[in-house]
């Protein structure tokens, strides 16, 4: 059975690590602050004193941290994973970072004989808890096959999307759509609410029409119509990802008009203090000028 | 059995009228040019010499024409439907027009004792042919119940969304989402294609992720990945609807940033000669600068 | 000496009419509410009981009203100017309206033997008071020459820009720039103010650099840096003009990305309650999220 | 007399260095490729073998290079200017780079007892040649006074705008306006040209109206109406600067809607192959869909 190391025990990482442990894989963890690891240690995981030590004791190391510098430090920094490189080690980075950075780290890993896969996920904290994430994997296809059982503990749809960096590209393409569709659904529904249309009715009709989307069906009822705006996926993180997507497009000289505007809307949401709320809180920016709220009374359910 | 009149035998109207006839309703039609009616006359429908004559012989009249002036003329013009008003007549206008115009016409109809429902549809030519349209109905709820059997011959989901004009509002809200999601899906996928990601793979992954939408699942494979761009729903019509949505928002002082930008993208598509192609041809605007095409070879199927 | 009729005694029209009277032209006025005319009647102008009566007593009639329906009614409505048509009558419409409407009215006037020039202005209430307006004239060049002395009482720069409707087109082109440059100057300066740069210093430097504009040099000190936001030219009127420009572009299938976004920003300013303030109040939308204000203490002057 | 060192002999730097030499300052230069320095060496300047050597022989060093990494390397790299630090040395960086990078380099310089001013310029190659640049200076005011005579050889308006980094902030604010006004002037004029208005007439009228700007008065006649698109200031450089401005705004959570859209328009211009042409070539993107060209026949002059 593959021995698994895990770094990044945040809102996504912790339930993912739990699912790995539940599937029976021997699990070792490391965290900058040991407190973050307590829940998973209590559930039987082992502790390593550094990423390097973690790597030495693992066949597969999963990393899911905040941004490019974090991944760089954990993998290539002093006492990082590559300092514990050994034959047969595979690193699966599930963070969302710049594809170019991911490719560079993969090249450094290859020099040490280590496989590095970029494998970002979609599905949010719910998907992480349910083990139903979609995982988009870039890098060596054979390496993916070896670690697939571990990924299957965390996700339902695991797709090899191309060479190193491709997983990150596909994730950014997806998150462009999260950002634009999320904001557009907000501005569109608010127009209807301003005109007096019942919010749940509108959601029912459009959910059965050509304007339907995963977000309207899932995120809006849970986060917006309920008024909770509980993350989920924060405005700060989505703004970061849209920035990465725009940087990628800039390098490739590909204009992205809607993405650019959506990004400014999330920046405005950050300025309004919604950075740590769910990204769907962008709708509050639209609600105020439209004198209308996208709320559905509890108990009122879709048709 | 309700006697049905039908005006507007275009790409949407003709298959809808056929479904009404198939369901066994006695059908009378009128068209500006009689040739347009030949197929449905050949299938057994009767001909009326004017909208007024059509109204006299019908319990329910369906209209589905291009724009506000067309509806005005057919309903309130000389020899229009209201000139044939009689007790129990209900007009069901399934065109997409300005909600304010729809409300005014409904008020004029009411003065003549005629019910006027606004009942625009979603589902495109496919939905029209399959009788699986979503129909969003504004106006008197009891009048809707009386004509519901006729609507059920054309659509699968028929929802009363509020008083007069509400159907049009919900349709415009839906079509904002068609316009923004359609263009955003194009610009996002093109970025991935430029980075070398296989188009079908990207569609598979995102279709199982938070960026998923009805359009990605349905319109893109059929119209874009195939390279056909066969309408469906033309760029000209979508541009018109986005214009109506922006006018509605302008009257209500509701800003619509993404809608405004999307509308300019469809204007650019019109300028590039794609007005009568499917609205998804907007992706061609993105393909050229990105030096990438969103095509999937025939035979290559989704996972 | 040409006898002048004048309709439209608003914030622009009243000082313009005064300048015509001061230049010695015999002046007759009409207004929907006679009170609006009191100041100019007190200054010696005559009163006419209807537009038709006004036309009968004038060689030149100036109109400067709010929108297309107003011009239509005053010129072609019952008891309108054309009802008082006589040989040698020239109507000079200085309103900002849709070019297509202007062309149609000119054609109707021509049928009655009346010259109709479209001659919108730039310069704001200050320019109206100082008699220093820029006047952009569409229509018959010889007719312009005949009425030029009257226009010279109101403006400094009077340019024939082409056939009927051309004045309106050039005005809309100008007002696109007013809208976009005004909002862009706001968003740019606010970024600098957020970073701690002194507002007056920034204005001095950029005023001497490639970002300089008439608005930065004139409108910003007077309306924004002072905090007055006194119109000038209201947000409502600018939003209307941007709408006309977008409609013109839509008819011509010309995409206008920046105009479309700017228009939504002014819509947002209307939603925030700034419709009757000067259009530069759009900067307040930027000030709040940026936690910075574009104000210069009184007495602090540019370099 | 201050001994001046100069690094960055490009399209801007070379004429600036010439003006310094002409003003009588002893001049030493260094360049990555010595060929770049030949013209100024021929004019009497001395050569230094490294930035460090240049610093040792200078009281003031001017740098004007492409981007943040270039400045970092030249100043703080091995054998960079700081390796030649001595009492009384002042570095004046006239490049356009990120304010945060500029501040960091200034701090490193301060540790070595060296003053580092950020002093970017406006005025383009014409201003560089004419010695009429606007120079916006951030950093120690007393240090600016000491080097002012050198700056006066290159510029006409030299303004101290605040502490370290402020010069860069003001430059980015200015270049936001260059980007947005440049593109907006293009899209607006193209709309008029599509409607048949004579381009020079339009420029005359708007130049005397509220839509006037430095760019319409200067750049458009020279680069656009002439059809030359000769840089000046390239699309690539403006796109870079807009990117820096958006990054600055992102850090500060300040939304910039128009800037974001303008940036995508310049990205589209890069994609169309205009990266090394003057930034005004963005108008070509608008000309094609509008079937209109902003050209004025030679000999046809403004009024």
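To keep things simple, chains are lettered A, B, C and D as they appear, and every chain counts its residues starting from 1.
Everything that follows uses one rule, which is that contacts are C-beta pairs under 8 Å (C-beta built on N, C-alpha and C of every residue); 3 or more make two chains touch, one makes a residue touch a chain.
Here the structure is a predicted model, which is why all the values come from computation and not from measurement.
Colleague: Looking at the contacts, which chains touch chain A and chain B alike?
Modeller: C, D
Colleague: Taking each chain's centre as the mean of its CA atoms, which one is most distant from chain D?
Modeller: Relative to chain D, the chain whose C-alpha centre sits farthest away is B.
Colleague: Once you find the CA centre of chain B and the CA centre of chain D, what distance in Å lies between them?
Modeller: 52
Colleague: How many angstrom lie between the centres of chain A and chain D, each centre taken as the mean Cα position?
Modeller: Going by mean C-alpha positions, chain A sits 40 Å from chain D.
Colleague: Please set out, as single numbers or ranges, the residues of chain C touching at least two other chains.
Modeller: Residue numbers touching two or more other chains: 249, 253-257, 261, 265, 268, 271, 289-290.
Colleague: In the complex of these two chains, what residues of chain A are touching chain B?
Modeller: 99, 122-124, 134, 136, 156-157, 159, 161-163, 165-166, 169-170, 172-178, 180-181, 183-185, 187-192, 194-198, 201-202, 204-206, 208-215, 219, 233, 245, 248-249, 252-259, 261-262, 265, 286, 289-290, 303
Colleague: Show which residues of chain C lie in contact with chain B when the two form their complex.
Modeller: 239, 243, 249-250, 253-257, 260-261, 263-265, 267-268, 270-271, 275
Colleague: How about chain B: which of its residues touch chain D in the complex?
Modeller: 257, 261, 268, 271-272, 289-290
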